[in-house]
Amino acid sequence: MRSELGYSTTDRVFVRGKDLCAELMGHVDLGTMSFMHLTGRMPQSGEARVFNALALTLIEHGMTPSAIAARMTYAGAPESMQAAVAAGLCGLGSVFVGSSESAAALLREALSDSDDPRSLDERAAAIVAEARRHQRQIPGIGHPIHRPVDPRTVRLFEIASESGFSGRYVEMMRAIHRAVERDKGRPITLNATGAIGALCCELDLPAAACRGIAVIARAIGLVGHLLEEARSPLAVDLWLQTDRQVSVRPAALD
Amino acid sequence: MRSELGYSTTDRVFVRGKDLCAELMGHVDLGTMSFMHLTGRMPQSGEARVFNALALTLIEHGMTPSAIAARMTYAGAPESMQAAVAAGLCGLGSVFVGSSESAAALLREALSDSDDPRSLDERAAAIVAEARRHQRQIPGIGHPIHRPVDPRTVRLFEIASESGFSGRYVEMMRAIHRAVERDKGRPITLNATGAIGALCCELDLPAAACRGIAVIARAIGLVGHLLEEARSPLAVDLWLQTDRQVSVRPAALD
Amino acid sequence: MRSELGYSTTDRVFVRGKDLCAELMGHVDLGTMSFMHLTGRMPQSGEARVFNALALTLIEHGMTPSAIAARMTYAGAPESMQAAVAAGLCGLGSVFVGSSESAAALLREALSDSDDPRSLDERAAAIVAEARRHQRQIPGIGHPIHRPVDPRTVRLFEIASESGFSGRYVEMMRAIHRAVERDKGRPITLNATGAIGALCCELDLPAAACRGIAVIARAIGLVGHLLEEARSPLAVDLWLQTDRQVSVRPAALD
Amino acid sequence: MRSELGYSTTDRVFVRGKDLCAELMGHVDLGTMSFMHLTGRMPQSGEARVFNALALTLIEHGMTPSAIAARMTYAGAPESMQAAVAAGLCGLGSVFVGSSESAAALLREALSDSDDPRSLDERAAAIVAEARRHQRQIPGIGHPIHRPVDPRTVRLFEIASESGFSGRYVEMMRAIHRAVERDKGRPITLNATGAIGALCCELDLPAAACRGIAVIARAIGLVGHLLEEARSPLAVDLWLQTDRQVSVRPAALD
């Protein structure tokens, strides 16, 4: 059993082998530090810019299920803000957040065989045909509000390009997007989770890091929600309204 | 019921009234964004530097109870990294993390009366005497490893000073520290949570934000632990060793 | 480090010193087993009846904040029902559930001095006067719906009485209730958390067990909610409605 | 949006259409109530006995990962027992608890075609061959300690048989067990999760209820652990020992 993440002596603290006080505090921002903690190496400046942008994308999305869960929890246990954030994080699973992880996995798989003679568009067409055959959704495609363009995707790809991190994974994701549109015969959104999946691959982050970045970003967003809930509570009103609307009186009471 | 945190239209996403894609992504780092999300205003550059340093301080402390809880959870449910982070956050309560919040509250209280004619040292002496009378601990004082100096405190105060955010709350915290040392008649550590409490006051963050920053920082740290656990697992070994050492055979088996 | 809760050998499993398969499974119900696991001793049959009734009281209260949090979490991570229950439990803190624990503590304190010459009504009057002086609420008193009588309190006290567990703590709780009514000059509810606090004392359960029983009962209730959510989902609709009602468009969009 | 679980009026509380105070409290035990809350119908007495036994089986297994996570959390936030239970529940995922759910799904699938002309042993052999071909584990088979017999399986099947709930799903599970043994050419354990999966099918519980029962049972077990942790703490010692053993000094310190 060994862990190489952190260590303290009487007068120094080390994080991943770096002296926290001398080398990190005051020198690097929170995104750079997060990249370093997740990967074990300092990012180049372009990498840090892309990573910071990725994380920013996911911080806040309004009154999401995860924000509602956190606020409901805080209403019952305001002495435990940490548990309210925890409650909000528990729902970042397969439905709302998992798709960036799935997109990353799909892209890695699509580009795993360096001897594959097919063009990216040919591979994309095969992926889409396969998904159609199994009635599977392609991760990173579609959005209920941002149609036909997700502005976060545009911006993420722009930043990646400016920073020198727009490579084969981004190309592959775009090819898959084109193939889906051809298959459906209409415009469809390449959403932010698709872009994030591609950029996690470009940064060579481990697969699980996609979800990790989402968890970090949402933790920040949830703290924002809870500070607002502390200033201007809405959970109790929402609860009372919901209970009234939803609960069904038993027949015995009619 | 209203929330002013976030809002989306077809082609734009707003976070606290700012256009996420145009004004934030690619322009600000994760610490600056976090400050903005928690307070509703963009930090000045000195503030962003202090805030980033605060958050960095708390990310990683080795194999803490919170890291152990997260790894144990991940071992049972590797498909739910978010729930493992949540489990790790749940323990950031009164014992290990709450003291920065208590320190901030103590400092605000100590400086709440602007007409108080006493010097900071006189007020500090009164606070220490009161705590002694009620056998209460002073938050932010003492450390099991970093003795007699916590290097993180030194560095945080240095950064605050360089950035123009070393004001009356830092002075008050130092005065309390001196008063405790006089009271005990020996050197004792002014620890990082005391420094963080003081700097949260200097940045004029709401009281609950102290714990919020800790939660954000530890979420980052926990993701680092879980990525390490995925690469090189230790939870199952730790479990088996613990169960063997700890569980007591019933008398019936002797 | 030692734990006396459980132990396994090749062909037997022990829980608190009892042989799970031979002595417990098929012989005792879940409430009896819970009592045994929490206290280390088998309940008498009257105790088991009171304990089962206590636990039943708290299982289900409609679409509470905790149920909403659990359902929101399940909507995002249906592969992790356990994390949705966890999210729902996180809010069982000081506001909604803590009062039975506080009532138990108040009753133990009120009856701690066996030499106290005052009658229960005199002690109750002193408690109410003290609470009024510090503007503190008395735990276990008041209810928004069940006015002026909480039917669960009536039933719990009835079961306790039939089972031989209506003793001095129940008397003390009733005396406090009378004192509050005299103080306010109007009827006010003695609610279920007050009754539960009193009965936990009658069963001689440790203080923390009050909250423990609530956690167990709510875990059962939350599983019921999640099975309903799986059959007939409402979380996503509730989310969309909430986001629409609550989120405020930034001025820039007007 | 509608929920049929619970409803309150001024003087009555309904749970799944039954009057809580008049029909349930004092009349039914916690296992019976849980069955009723999960399924919407009162169990026959045999069903209640099987259900109680199922739930009892899973309450306590010594110092498991989930118990360690809960205790670590409690050490940091003793004011939030509910969050410590939540942390412990978060790890009841695919690795340790999911197998009863998988076993139930396998059995339902195996018996879904009532026109299947093959014997149970023939179907079992086909299932085992298929699993071998895809290198998949069969759920409910194998155990590190209880070899070659899990005493809980024996007892569960005995109770089911006595209660009139040993039907085709139990037979099918036994047939699969025999087929695995034939395939491996040696005895191998039919473990408790396999038995539980089969009995959940016999009771006609919805698929997700398997995990739900485990969550309920473990919530009870975790409360037991936390009450022990409150009486006789071990988490901090375990933490300090772990941190010392596990954390690796950076090379800079050698």
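For reference, chains read A, B, C and D in written order, and residue numbers begin at 1 within each chain.
We take it that contacts are C-beta pairs under 8 Å (C-beta built on N, C-alpha and C of every residue); 3 or more make two chains touch, one makes a residue touch a chain.
Here the structure is a predicted model, which is why all the values come from computation and not from measurement.
A.B. asks: From the centre of chain D, which chain's CA centre is farthest?
C.D. replies: Farthest from chain D by mean C-alpha position: B.
A.B. asks: Quick one: compare the interface residues of chain B with those of chain C and tell me same or different, with half as the dividing line.
C.D. replies: Same: when the shared numbers are divided by all numbers used, the fraction is over half.
A.B. asks: Go ahead and note the Å separation of the Cα centroids belonging to chain C and chain D.
C.D. replies: 24
A.B. asks: Measure off the straight-line distance from the CA centroid of chain A to the CA centroid of chain D, and report it in whole Å.
C.D. replies: Centre-to-centre distance between chain A and chain D: 32 Å.
A.B. asks: Counting only Cα atoms for the centres, state how far chain A is from chain C in Å.
C.D. replies: Here the centre of chain C sits 37 Å away from the centre of chain A.
A.B. asks: Touching at least two other chains at once: which residues of chain B meet that condition?
C.D. replies: 1-7, 9, 62-63, 77, 79-80, 82-83, 86-87, 90-93, 97, 234, 238, 246-247
A.B. asks: With chains as vertices and touches as edges, which is it: line, ring, star, complete or other?
C.D. replies: Graph shape here is complete: every pair of chains touches.
A.B. asks: Would you pull the chain A residues touching chain B in the complex into a rising list?
C.D. replies: My answer: residues 1-13, 15-16, 20-22, 24-26, 28-34, 37-38, 48-49, 52-53, 55-57, 59-63, 80-83, 85-87, 89-93, 97, 145-147, 149, 151-152, 154-156, 158-159, 162, 206, 208-209, 211-216, 219-221, 223-228, 230-232, 234, 237-238.
A.B. asks: Mind listing the chain B positions that touch chain C in their complex?
C.D. replies: 1-7, 9, 14, 17, 19, 77, 79-80, 82-83, 86-87, 90, 245-253
A.B. asks: Which of the residues in chain A come into contact with chain C in the complex?
C.D. replies: For this pair, the touching residues of chain A are 62-66, 68-70, 72-80, 83-84, 86-88, 90-97, 234-236, 238-239, 242-243, 246-247.
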